[in-house]
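My structure is below; once you've seen it, I'll send some questions.
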Amino acid sequence: MAINWFKYSSPASFYSLAGKMIPLFAAAAIILLIMGLYVGFFVAPTDFQQGEAYRIIFIHVPAAWMSMFLYVVMACWAGFGLAFNTRLSSMMATAIAPTGAMFTFLALWTGSLWGKPMWGTWWVWDARLTSELILLFLYIGFMSLQAAIDDPRRADKAGAIIALVGVVNIPIIYFSVQWWNTLHQGASVSVNQAPAMASTMLMGMLIMVFASWMYSIAVILKRVRIIILERESHTAWVAELQKEGVV
Amino acid sequence: MNWSSLSEFLSMGGYGFYVWGSYAMTLICIIGEILLISNRRRTLEKQYGHTSGLDKKRDINETTS
Amino acid sequence: MLQGIEVACVRGDRELFKGVNFSLEMGGLLQVSGPNGSGKTSLLRMMCGLSLPASGEIRWNGVSIGTLSEEYFACTTYIGHLAGVKDDLTVTENLCISSAMAGFEISSDDASNVLNTIGLGGREHLPVKVLSQGQRRRVALARLLACNTTLWVLDEPFVALDVAAVQLLREILERHLQQDGMVVMTTHQEIDINASLITQLQLS
Amino acid sequence: MFLWIIKRDLLLAVRRRSDVLITLFFFVIVVSLFPLSVGPEMNLLRTMAPGVVWVAALLASMLSLNRMFSSDYQDGTLEQMLISPQSLSFLVLGKTLAHWLVTGLPLVLMAPVLGIQYDLPGDALFVLVISLLIGTPVLSLIGAIGAALTLGLRGGGVLVSLLVLPLYIPILIFGSGAVEANMAGVDFAAHLSLIGAFFFVSLVFAPWVAAWSLRVSLE
Amino acid sequence: MFLWIIKRDLLLAVRRRSDVLITLFFFVIVVSLFPLSVGPEMNLLRTMAPGVVWVAALLASMLSLNRMFSSDYQDGTLEQMLISPQSLSFLVLGKTLAHWLVTGLPLVLMAPVLGIQYDLPGDALFVLVISLLIGTPVLSLIGAIGAALTLGLRGGGVLVSLLVLPLYIPILIFGSGAVEANMAGVDFAAHLSLIGAFFFVSLVFAPWVAAWSLRVSLE
Amino acid sequence: MLQGIEVACVRGDRELFKGVNFSLEMGGLLQVSGPNGSGKTSLLRMMCGLSLPASGEIRWNGVSIGTLSEEYFACTTYIGHLAGVKDDLTVTENLCISSAMAGFEISSDDASNVLNTIGLGGREHLPVKVLSQGQRRRVALARLLACNTTLWVLDEPFVALDVAAVQLLREILERHLQQDGMVVMTTHQEIDINASLITQLQLS
C-alpha cells in the first residue's frame, strides 16, 4: 500500500513544495484584493437601479462561485483519494472543506444583507438561495463526519463517500428546488435578472474572483501542510524536520 | 472617483450598513480562518516539543522488538 | 495454508509491530501471545480480513486474502472479544441464524445437539440477554461446532468459561486440529493443547 | 442469505414490537403537534398538511436509521456479516428492506388517518399515500448509506440526520409537491415519476455504496 | 460532586465537539425543511414560524435526551454512580444542567437567525428567544425523567419521545403561544410566566423523580 | 463485617440459589466460585446493593445494606464485567473522575503514580477507546488503588490481563488484605492468593 501512495505523490515532497508556494499565492491574493477593491469602490460607477448597495456584488459573487467550485474540487480530490488510495488527495479534500464552508457562509451572509435593501427581506426561499443553504449543510455534514472519526484512514474514506454522494445530489437539489419554486409564485425579484453590468463592474468582480482563488489556494495549502504534519508524525521525514527545527 | 468625502464613502448612499456589514463579515471570516490555522499550527508545534522524547523512546522499542 | 509476510500494524501514531512473519499449515495451531496492548487482537482482525495491514501481506494458499475475500471467508470462522450474538433472540435462533449467515444452514435438531454438547442444554429457548457471561461466550463458541470451516481465528476463547468448559473447548480444538483444521488463537491463560504442529508467535 | 437476513430482522422486530409501534407513534405525534402549536385554523392547516406529513415521515424514518446497523455493530454481528461468504450489498439490501417493512410501511398505512385530521380531500389523501409508498423506500435506501457511515460514532444518531437530510430534500420536495399539485388541480404525475426514478436509481446504487461504507466503517 | 459531574459532562462534550454542533444543526435543518415542503410563500411561513421553531427545538432537545444517560449506562459508569456515596438527585441535576448547556443554550442562541428566515419581525424574535430561554431547561428537566425510565430498553431513543412528548405539550403550546400573542399584538406575559412556573416546579421535582427512575431502571 | 443470611436469588423463573450464608471479617477474602450461570455475578450485585435478594438479607456491621445505602457505598468499590470507563475520555480523566465520583478526589500526580503502577504509564493521555481489552480492564482496576475503600467486590478481575498484570493484581489484593481490607471475588482461573483468612463459597 505504502508504495502505491508514494507513487502518486509523496506528502514529504509536497510539504516543502507547498511551503514554497504559499507566499506566492498569498502575495497574489493581497495584490488582487487591493486592485479589486480599488476598482470596486473607486472606479466602478454607481448603479442606477440599486445605488451603492450593489457594491456587495464584489464579494457576494466571488463567494458564491467559490463555494460551488470548492465543493466540486473537494469531491474530486476525495474521489481521487478513494479510488487510488493516495493519502495526499484525501488530505486536500479535508483541507478544502472549511474554506468552502466559509465562502458558502459568506455568500449567504452577503446575499441576505443585499436582499434586505433590494427585496425588503433577509431571506426568500428561492431556488438559488435554497440550494446554497443546502450546500452549507453538505459542507457541514462532511466536516462533522470527518471530525467524528478518529482514525484518519476511515475519516478519509467516509468523507469521500459523502462528498461524492453530495456532488451527485447538488444538481438534483438545484433543479428540484427550482421546479418546486415555480409551482408557486416566484420570488419578487429573481437573482437571474441581474442588471446588465458595466464593464468596470464586471472587471472588479472578476478581479475579486481571482483574488478569492489565490486566497483559497494559499489557505488550503497552509492547512494541508498542518494536516500532513498531524498525520505523518510517526514518519522519519517529519522527525528529520523536527531535528532541523523546521517544524 | 465616486466619493467626495469620507462620510459619503462610509454611508454608501444610505446602504452603509448592508455594504459594510458584508465587507466586515468577510474580513472577520478571513481573519478568523487565518487565526484558526496559525493556532492549529502552534499547538502542533508545542505538541512536537513534548512528544519528541516519547518518539525516541518508541523508536528504540521498535528496533529491539 | 495461511501465511503472513512482513506484516506491520499501525494504530494511531503508534507502530504496534512490523516485519511479522508466520505460516500455518493444515492441522497447525498458531498461538499468538504477548502482553496487553501488544497488538494480538489487531493481528487477528487482519487475518480474517476485517482490517488491512499497514504494510505486508497475508496470504491464503499463496493468494492475498484481499483478492480472495468471499472465497476465503467461506472457510474461516472468527470469534473475537465481542460475542456476536443478539440479546433479543433465543439461544437456538442465534445459533441457526449466525451459522446460516456463515453459509451453513443447520436444522433445529443439529442445533440442539450442538447446544447440548456445549453445555447450554435446557437453555435453548431463553433470550441471550438473560444468560451469564460464560453462557454468552458459549453461544458464540457453539458456532465452531455448527459450521464446518477450516480456519478458526479465536481471540481469547477461554475468557469467562468455567473449568469444565475450558476443558471441553480444549478437546474441541484438539479434534479440529486432528482433522486437519487450522487454529489461530490468543490467550493469557496457560492451557496445554495437544497438537502435532504448534507455532508460537510472540508479539512484544 | 437475503431471506435469512430479512427473516432475522423481522424476528428481532417482532421480539421488540415496541420498536415498530414507536416509530409509528413518533410520526403520529409530530403530525399532531403542529395543530397544537400553530393554532386551529382549518385553511392554514390544510395548506400545511402535505408538507407536515412528509416532514414527519422523513423525520420518523430518519430517526430509526441508526438502529439499522448499530445494534449489529455493537454486539459484533456485523463483523461476522462482513466476513461471511455472501455478497455484502445483498445483505445490506435485505436489511434495508426489513427496515422499510418495519418503519416505512406502517407510516404509509397510517398517513390517511392523519391526513383526515388536517381535512385533506379524498384524492389528495390518495396521492399522499402513493407518494409516501414510493418515497419512503428511497428514504430507507439513502438512509442506509448514512447509517453505515456513522456507525459506531458517538452522537451518530444525530450525525446521520445531518448527513442524510440534504440528500432527502429532493424527495421531500417532490413528495409534498405531488400532493400540493393535486390540491391545486395541477398534474401530479410528473412528481411521482420523478420519485419513481429516484427509487430505481437508489435501489441500484445505495446498497452498493452502503456496503462499501460499512467496510470503511469497520476497517 | 455536582461540579465534577458538570465538569465531566462538559469535558465529554468538548471532546466530542461535533455532538453539540450536531444538535444545533439538526434544529437548523428541521426548521429549514418546512419551507421546502410547505412552499416559499412568506405570509404562510410567517404564521407558521413560532410553531415550527418550537416544534424543532422540542425535537432537537428530545433527540439528544437518550444520550443523557445511555452512554454512562452502557459502559457501567452509571452503576458506579448509583453506588457512589453522593445524593443521586444532585447528580441528576448536574447531568441535566450539563445537558441543557450543551443542547438547549445553543438552540436559544440560534433561534433569531432562523426566525429571520421566516421573516419574523424584531420583537417577535425577542419573545421567541425569551420563551425558548425559559422553556428549554424545562424540556431538559422533564426529559431527564423520560431518559431515566427508558434506560437500556432497545429503541429507547424513540420510546423516550413517546413518554416525554405529552409532558412537553403544555410548554410547546405556551411557548409558541407567547410568540403568536406578540405577533397578534396581544399581551404575552401570561404565557411566559406560565412557562416560568413550569420551570420552577420541574426544577424541584424532576431531578428527584429522575433519580428514582434511574434506581428502578438499574435494579 | 459483611454478612449474608439465607440469601436467595431468583432470575426469571429459575431459582439460582437459596439459603446462602457467608460472613466476611476484616482482612478476609471471600472467593465465590461455581460453574457458568450459577449466580456468582447475581450474588455480587446484591452484595453491593445493585439488586435486592429474593429473600434473606445482606448486612454490613450488623445493619441491612438497604438501610445504610450511602454510608455503605462510601466504603465499597465494585468492578464488574463492564469496565465502567468512558471511551471518549483519556485514561487520566477517567481515573480522576471515577474516583471523584466515588468520593476520593485525587491529584493528577497521584493519578499518574497509580497509572504507572498499574502499567499504563505512557498511555495516560490516550482516549480509552483505542486501548486494548487488557488495558481497559487496567483502567477500571486502577480505581482500586486510587480509592481508599475497605470492601472490594470484584467480578472476574483477572480476565483479559496478561501474566504480569495478573501477578500485579494478586499483590495488590494481598496488600489490601494485610491492611485489614476485605475482598469478595469470583474467578475461573486458579490463582493463589496469600491471605490469612480465605472463605470459599461454592455455588452449584
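Note that the chains take the letters A, B, C, D, E and F in the order they are written out, and that residue 1 is the start of every chain.
Following the convention adopted for this analysis, a contact is a pair of C-beta atoms (placed from the backbone, for glycine too) under 8 Å apart; a residue touches a chain by one contact, two chains touch by 3 or more.
This structure is a prediction, so every number in the text was calculated from the model and none was measured.
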Degree value of the rotation bringing subunit D onto subunit E, based on Cα positions, nearest 5: 180
Leading chain pair when contacts are tallied as C-beta pairs: D-E
Centroid comparison with subunit A (C-alpha atoms), farthest chain: F
Most widely separated chain from subunit D, with each centre as the mean of CA atoms: F
Proportion of interface numbers common to subunit C and subunit F (over half same, under half different): same
Inter-chain centre distance, subunit B versus subunit F - centres from mean C-alpha coordinates, in Å: 50
Centre distance in Å when subunit D and subunit F are each reduced to the mean of their C-alpha atoms: 46
Centre-to-centre distance between subunit E and subunit A (centres being mean Cα positions), rounded to whole Å: 34
Gap in Å, rounded to a whole number, between the CA centres of subunit F and subunit A: 55
Residues within subunit F bordering two or more other chains: 87-88, 127, 130
Subunit D: positions in contact with at least two other chains: 16, 71, 154-155, 159, 162, 165, 169, 173, 180, 219
Overlap residues in subunit B, where contacts from two or more other chains coincide: none
Contacting residues of subunit E [partner subunit D, same complex]: 16, 18-19, 22-23, 25-26, 29-30, 33-34, 36-39, 44, 47-48, 50-52, 54-55, 58-59, 63-64, 66-67, 71, 153-155, 157-159, 161-162, 165, 169, 172-173, 176, 180
Residue ranges of subunit E in contact with subunit A within the complex: 16-18, 21-22, 25, 29, 32, 35-36, 39-42, 45, 116-117, 119
Interfacial residue positions of subunit C with respect to subunit D in the complex: 48-52, 70-71, 73-74, 76, 78, 80-89, 93, 97-98, 100-103, 127
In the complex with subunit C, residue positions of subunit D that touch it: 1, 4-5, 7-8, 11-12, 15-16, 71-72, 74-77, 79-87, 218-219
Residues of subunit A touching subunit B in the complex: 41-42, 44-46, 51-53, 55-56, 59-60, 63, 98-99, 102, 105-106, 109-110, 113-114, 116-117, 215, 219, 222-223, 226, 229-230, 233-234, 239, 242, 247
